[in-house]
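Note sheet for the following structure.
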């Protein structure tokens, strides 16, 4: 839909995947059939993944759109010559925005970037309701166990992580959060969620979900103490959150028991189940976010690219935010499609909100 | 506790109430007994309220601390001469901060202000968990009806409002939100809450809770269509959210049926119940926020005043934010007191978070 | 309301309280003013309590109505001569019904009893929603701490207990259930509630609520291991669930810090808070069940007494159930008053439900 | 597992499916490979379904085990000669038990039946947590829409129906219940669920789930008023709850948009989506109940067959209940496997529970 909208607005588009597992082949085929330049298929290896990015860059883009920042990093690290002609870029993920800010702070960013991720209508919807539902869907499909009566351990440094980690709560799981941010830990406890370090949680968890954008969340020492039957999965963008390599070395045997579900047997007989090889369980074992959630994220991507074009020459090489009014406009259109009405402030009320002329 | 902490840190303190109903007389008496200058008692009228503020200003403060901005507005509107010697001020409420920002934008603010309300450890805890629990407590005390099976209508333009409006959900109420902000309306629907304009909600609601910091949320046209037995209350700072005056004119009779609960009988026989005369139901009918929630708000107040003193001369006459590290420090101390541990990122992980040198 | 309804239906009524703390003096006074024979006031001692029962028995009743079975046991144990003229009795509580069944099994019951408690419109509403809300109300009033971030330990052998124990869940508490019934324990875990023996729960709980109808739920060994600041209360009918006597002996000092809240200091400095002296916290610290919940319980009481009269001579001296149709009739009337509609099965559908003539 | 347990206990087993869609072919093949007589495959037509039952009856069983009562009805309706040698039978479903009770009341039941469905460890677990999770799983797979912000309409005359209808609540749906039983309707409203007749709910629902064991729940008049985009599915045993035939006649076109998801376009352009052709969405679009839930149901089936054999000659031709102790024994074993402990009553406490010798 986003590709078609960009094309209908007059853009020429070349496209590659943002993750080896994120492409739906039928969608890619349909777009190719419409004449769109597409380099993407489901289940690429790393070499193929970067080959696709390289192919899409032969197009010599004037705007870049990223979900994970691999495209923009490739431009900056391997094709600096392309950067000069790029008007600007967008980035969809928390991790990508974080790294692009670090790059800008080092003076290394060669064109302005808009942090689509940071739009309220993106991160507070896509990252919460999209990730929550699609991760739960992936976990249900990959392992047909009840979630009730389970200790569900989530590690979540961003909104998406929390949503994914808490999704099983509605189905009767007892949720445990491990945290690195004190305010987030405190909020979790006030919602009835237990908080403890991963070293402790590893001993009591039944289902582990990582969604942090950070590496090495679940590592060897955690596998050592996990219960027999523990299930481990990741819904973060990259597959470095769970140290599968360590588990491979520790296990005495391994077998696939279902689609997206591998059983590792430890020397002491305990079995640990890894879903989707530690890759995004919501994409690999289910179908990703519902379109009703992606619509707002895509509206932000579209409007961000339009903004970069409209403000060509006016933005410096930093990571920029989208204006707050755009969030309200997108959300209002969404409410209209749902047939839901809200109130509006009267002139008198607006005046009251900023009135400092008198006391109360 | 805040007064004692300020005094122990070397401050001389003079104190007046922030609301005619917010003072606990025993606490005021205990502080007076310790020699603190206190002008406050429970149940003042408007004239007495401002007399107290005037009395506390005779003290000629060098720092002002506000919960509702009445003190700082009095300084600016009636005692401009005092403003010159004031190093800075703090403000606790969303509404107050909003108005002080408007004042600063007009160039009318005469000394720097720190928006204590905007600290994450204040608004995301005090406004959510404090207001939620204390409002529910007030409603339970003022009307002994079950919350289950009730349509609970909340109007909430800020966090505190949403919390208060949703508190009955845990007790089986079916929550309806009326909104003026499109993103907030959309989030509510994604949490299973119905969204509609107040004109519609007025017809189906059983319990109405306002907490907006805005006037005229529930007015005459709403009373006209409410169900027999509807209960109306407010947990916002000022008592202008519900148009009690309009109700007084419409009703044919009125009687107090319980503490903090008045029954208005309409010409057609319908009865509408107003809790605490439309004043803060959590303070007037219950005891306000638990101390375990106020501790973090007060830590922010204390540290904000210290910051104003430490940075004397360095801050311009604007509304300033507290540094984010202070939030994490306060939250960490709170977690420590609760015996809860969190994880810390390794050097390697911190490096990973900002690494843009290679692809994924 | 029940007294008035009985009187309006032609009964002569004499009334005493079912618990030393359960009488609201203003209600008793109003009834006395109407000429009803009332022997009850708030805060009686044990001697006064039984004196009131004796006084109400001077009336020589032909029907008895009990909430806790003290009246009927007094008739059987001390006034056997009265039993011969009694047509039948009713009992409102789980504990009372349990004991009356034991009495009947021993052939000691001298007249038929209807177990009002066992009507679905009583136990599945009064015991769940009434006890849940009123206990939470009592706990909020007696201790102004946040329930979020608390481990709330409930011991619950009956529905009412579970409801009271789980009520804090909606306010962010992490609920722990201790159980003696395996199926109940299993259901709790499937709802995300942790289950453990009281000996373990005593070490981690912040708020303890008993509601079992059983004695000695929280005893000396539990007080020995509780955390500093633990809060203990009971919402069961009798005050034997918490061994206050043991706590009195263990503590080095005791002081009342609020209404219905006493602080016991242990030799090692830990403080334990007991609400309402271990008596029903929902009655002693709040106002008991909302009338919208009691209405159905009272309808059952009324109809049970009418049934005993109508079937005089036909019922043997056992504990009898109310007919299931009465539940549906009461619930239907309640739905009607709430303006809620349900569907009805067509003739064709009713036939389908019992059709065994063919396969599917 | 159940087949293997029966065989290991010494039984000879012949097996056919209970529903055209409920067989997993790999499981059937594995059992056949072990020498078990199996007549079942996924996706049979009605003729094949009954052929399989006939084939399994050639085995001339002495015990029958049913899930839906098709086997036992076939014995009674077509093979009366077999009934004489049957010791007894079991039935797994609410509908089946209901019809068998009607048959027994008419004096038509030819051998004793045990209502496995009515064991607490069956209906209060399998029907609640099994159906809830597997139905949600099926709905997520068959339509990738968010459940948040949706009006989810459930019609539920039994526990399983309520569970399935409420499962979306945890994911942010606003749940509406349609009911035929007044007490169930009242409970739903006290849990914050809206109650209305299907004629009204049909106009506002986004997702409809039937699970009643009753026919004609959603019929032509409901399709006429549904919103564009409404999704309709069934998780009850038989496919007669949704009148697909009526929809076929009303629609101007029909196409399959995904696995288990057909779009019907109405004359006015509205689109209605039917999942799994109105057959059990949890089996047809997902994988049925998790094994951790079925284990207790199967334990009841096994012990019920053993009980029929042990009590051969002692039971009359009625529908019998399992003893309550069996529930507690099964639940206790389950808790043990989960490592969860509960308390036990002391002698003194047991005595207290039935003590009627004195007052309180």
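As written, the chain order gives the labels A, B, C and D, with residue 1 at the start of each chain.
Going forward, contacts are C-beta pairs under 8 Å (C-beta built on N, C-alpha and C of every residue); 3 or more make two chains touch, one makes a residue touch a chain.
The model shown is predicted, which means the values in this text are computed figures rather than measured ones.
Residue-numbered contact pairs of A-B overlap by over half with those of C-D, the repeat interface among C-D, A-C or B-D.
More contacting C-beta pairs link the chains of C-D than the other of the two pairs C-D and B-C. Our note on geometry: chain A versus chain C, Cα centroid distance of 50 Å, whole angstroms. With centres defined as mean CA coordinates, chain C is found 38 Å away from chain B.
Taken residue by residue, chain C touches two or more other chains at 129, 146, 148-149, 169, 172, 186, 189-190, 338, whereas all remaining positions touch fewer. Per the touch definition, chain A reaches chain B in the complex via residues 50, 68-70, 73-74, 76-77, 95, 98-103, 108, 120-121, 124-125, 128-129, 155, 178-183, 185-187, 189-190, 195-198, 200, 213-216, 237-238, 327-329, 331-332, 334-335, 338, 340-346, 348-349, 352-360.
Contact residues of chain B toward chain D in the complex are 146, 148-149, 169, 172-175, 186, 189-194. On the chain B side of its complex with chain C, the touching residues are 129-130, 132-133, 136-137, 140-141, 144-149, 167, 169-172, 286-287, 290-293, 338.
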